[in-house]
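So that you can tell them apart, the chains are marked A, B, C and D in the order they are listed, and the count of residues begins at 1 in each.
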Amino acid sequence: MNKSNLPPSRFELEVPNKLKTEEMTLSMGPQHPSTHGVLQIILKTDGEIIDSADPRIGYLHRCFEKHAENVTWHQVIPYTDRLDYIASMNNNLGYVIGLERMMKLEVNERAEHLRVIVAELNRIASHLIALGTYGLDIGAFTPFLYTFRDRERILDLFEEICGARLLYNYIWVGGVAYDALPGWRDKVLQFCDYFLPKIKEYNDLLTFNKIFIDRTANVGVIPAELAINYGMSGPGLRGSGVPYDLRKIDPYSIYDRFEFDICTGRGEMGTVGDCWDRYWVRVAEMYESVKIIRQACEAMPDGDAKETVPRNIKVPAGEYYMHTESPRGELGYYIISDGGKTANRIKVRSPAYSNLSILSSIAPGVMIADLVAIIGSLDIVLGEIDR
Amino acid sequence: MNAREIHDQIKEKFPEAILEFNDTVQQPYLKIAPQPFYNVCQFLRDDADLDFDYLMCLSGVDYGDLLGTVYHFYSMKHTHKIILKVEVPRENPAIPSICDLWRTADWHEREVYDLFGIVFLNHPDLRRLLLPEDWEGYPLRKDYVTPEFFKGIPVLHSEMKSETNEQK
Amino acid sequence: MKDYFRNIYQAIVTILIGMGVTFRHLFVHAVTIQYPHVKRELPARSRQKLFVNIDDCIGCFQCARACPVDCIMIETVKAGKDEDLGETSNGQKKRLHVVKFDIDMAKCCYCADCVFPCPTECIYMTPDYEFATYDRNSLLLHFAKYSPEQVKALHERQEKEALAKAQAAKIKAAAGTKKPESET
Amino acid sequence: MEPIIKVFFNFIPALADLPNWLAVTLIGVVLAVGTFLYIAVFTLFGVWLERKISAHMQDRLGPMEVGGWHGWAQTIADTIKLLIKEDIVPEKSDRFLYKFAPYVVFTAVMAAFAVIPWSKKFIPANLNVGLLYIISISSLGVIGILMGGWASNNKWSLYGAMRSAAQMVSYEIPVSLSLISVILITGTLDMQEIVYRQSGTLFSWNIFHYFPFAFLAFIIYFIASLAEANRTPFDLPEAESELVAGFHTEYSGMRWAFFMLSEYANMFVVSAISAVVFFGGWQAPFGFLNFIPGPIWFLGKALILVFVQMWIRWTLPRLRVDQLMYTAWKVLTPFSFALVLFIAFWKVL
């Protein structure tokens, strides 16, 4: 990254007696414990303080967009699973709704409710990973295990409904792959009851721990304008105080029927837009997701979820940009069809991709330990960034 | 503000810039000539009535005989959207970079350069992003042929080739 | 100064709260499952190893076409005129010898897209997940029941038939071209 | 003559026939080997305990397979693995320093065992400046860490070493000051003497007898000793989420095991010092419990403190470098100074 392009470093170190000092170039990753995957960051450091950070991505590039042009419309869905592998349901949902809107297809009520329930469960699962690994980045091991313990319960629910624990391929064009078994809804509600007290436990252990607050508050502050300019979205943008949640702003599926709040960072522990705010938005969103799940479970009609799934999908020629709110932010599919059996072009606007690009702008002047905290608070998934 | 009004605003300011306007499709778009594109974008961002401060998506597209980029803009304040398209010829494709207006464009333009070979003028740091720096060719172009070897490493495994289902 | 003491106070209190949580968990029952000794019952829909009931397969290629990673390889030979291959369990007539039905589990992405289009419901995913091996080739599952000799014979017959057909067509064509001549 | 030598002479009368220098050397060798074995066994047990405690705090089970009962032999298996593992020396490292560093760290920790009183009679070297000796010897280990981090020729290791040097030097001060406050109370530097001064019941132990002051001194000492032993929340030299593995990133096999040994030995030493200085050493809490031998009391007290160290590790996140320094210089040091001052006044009055 061209240095003149960056904002001036916040630390200008004074060197007495014109002592000759050197910048140290440090390659953080791609096999570093806290880069959340195969991300490489070329750091230039002055002691513990970072002068510049240049993220290098592409180590996990799997040619999703090229694949998508070569397989049929339906066969893309398993590939979308593998984008953001922590929140596959949300990936499926965005792509499928995009196609349905192009085809002007109606989905029956039960399938819509099931979609919302699984997407929100998946959001909780994803936020749990974000919380746990964030604790790990900061140095606390135990919250990680607790969040994974609770995530397992969500995965059990998913396994019961669609047979897979990570890559679901569940939401299909026109409906969902499997209808929920009787009793599944009660299990989801049971999970909600089980889960809410657990959030308090995470808060006791991690969120309000003084050391954790010291490590994250006032660290990696992203002002709202900068966040918008960099195209941040999701908890990253909401942490900066911008109430941008596509579930409210541009409702898809049946999100307009449910009552929930957009959580934004308020700078309770430090400045608006610091790491703690981004973290706290995730915690608060889990409460909102539970709210949505409860409402959807109450409202879910009986019937068959599968009835309108078409066998052979033909998407009319045209193009559509479908954006949904994935746990990481605005997940966009720009789909171009020429009316054939395969897509002409599918571009994925992955949220973590834009979120990560802000790193080189906020990293100068922070410490290495803070950089780890910042990366963790952005909650990146390299599968989605590299595609 | 809907697409028609946005179109009128731009038309008023840049009468020459708009090549095509289509609001019969699901998501209306404007086709802009490459030369005034940067100024149009600056206008979109800075005008108080338009105030497009959020670049949602920037994608490269191969239209067959033309290459193009598609920009999806959104305004946080006015909550309206617009899509701009720029098309350039296959040979020496160049589009002005809007990286200094929306920093989102920085990586997205690098990605488009990486996969389509469209050069973004005035981009501060136009390198390959997803592929290795010494990769040859632009894989997302429709006429891209997968190379047999990359630096002596076979790209497609010979077994894989024979095993793919012929019946398909 | 007030902040200084408040910080110390908060640090002590929150650390003690956190230590309380971990101490309570010291006596909570572990959630670990001792895997090889204790095995979790997987739900019926669990998507693990693929299985093909080859007796029911009619060789329609629907599954191979649906597969996004091309891990299903099928080869068929047409049955002879007087041959009866029987019926599938849901009453469809089999008209093709499925001489090869291979699934490469190493390539499989467990999406279950192949399961739905099958007209006879003969391909499905089973909850068997313990099929790790030392050799990648043993992940290539063969479901066809034909021995190599049988396959060879069937192929030869097919070739012969094709040849005969081609010859017949040739003769027919020759006769067709000759006919008008003779008529004139 | 040293009491420990007397013990040996009483035990093996033949020793008295040997020339004095030979007998003393022999006894010294035996003691050193014994200490090393003790450290090895304690580390095996400590690692296993840490795994089990962390597992149960995290709703897991921890090692369960090796050896049968709760995986008790897991650490033995690991040790064998480490012993037969290749000893990798990076090509561009400073070979001598690289190979030497683990032993420096280990020796520094092991030397501290010399003045720890296990019972009325058993103390390897009854120095009359025991506490001073410990304070000085325990800060030697940082040299080894610096050597290892520097010699590895790895940037992460170097960061770990620099952090470690800064941290150890800073936390020396609160450690010394909190111990000095106890010296003021008891009026002696002799470890055995300190234990004798606390004889009686539970309430004659320093921590309860001089309640608010000694308790505060103990808290300060305990926090600072966590930093001395590089334990969470002060494990910055080896912060694995930031520095991969800190100063021992490049080490493998037995050399790495020596760092591990010294870490656990250090945990024990700082706990043992707390036990001696604040909790009455090998003394039973009540007179009627005297039938239980001293070493068991001493070990029990030390192990409880080791447990607390582990408990803290599996609860807390890690501090940042500047916060670490803040804690040392702006919180612990002023408090310990004030404490020394208070106790000094109180003593004078």
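Convention: a residue touches a chain if its C-beta (ideal position, glycine included) is under 8 Å from a C-beta of that chain, and two chains touch if they have at least 3 such contacts.
Everything quoted here is computed from the prediction, not taken from an experiment.
A comparison of C-alpha centroids places A closest to the centre of the full protein.
Averaging Cα atoms per chain gives one point for each, and the point farthest from that of subunit B is the centre of D. Our note on geometry: subunit A versus subunit D, Cα centroid distance of 44 Å, whole angstroms. Centroids built from CA atoms put subunit C at 39 Å from subunit B.
A separation of 31 Å divides the Cα centre of subunit A from that of subunit C.
Separation between the centroids of subunit B and subunit D, computed from CA atoms only, is 62 Å.
Shared interface positions of subunit C, defined as residues touching 2 or more other chains, are 15, 18, 21-22, 25, 31.
Within subunit A, contacts with two or more other chains are made by residues 142, 149, 205-206, 209, 211.
Among all residues of subunit B, none touch two or more other chains.
Across the complex, subunit D meets subunit A through its residues 54, 57-60, 155, 159, 232-233, 235, 239-244, 314-323. For subunit C in complex with subunit A, the residues that touch the partner chain are 7, 10-11, 14-15, 17-18, 20-22, 25, 31, 42-43, 45-47, 66-68, 109-113, 116-117, 125. By the touch rule above, subunit A contacts subunit D in their complex via residues 24, 26, 32-34, 48, 135-142, 145-146, 149, 205-206, 209, 211-212, 214-215, 367-370, 372. Across the interface of their complex, subunit B is touched by residues 1-2, 5, 57-58, 61, 63, 65-66, 69, 101-102, 225, 228-231, 242, 244, 249, 318-321, 323, 330, 332, 334, 336, 345, 347, 349, 353-354, 357-358, 361, 386-387 of subunit A.
On the side of subunit D, the complex with subunit C involves touching residues 53, 55-61, 64, 311-312, 314-316, 330-331.
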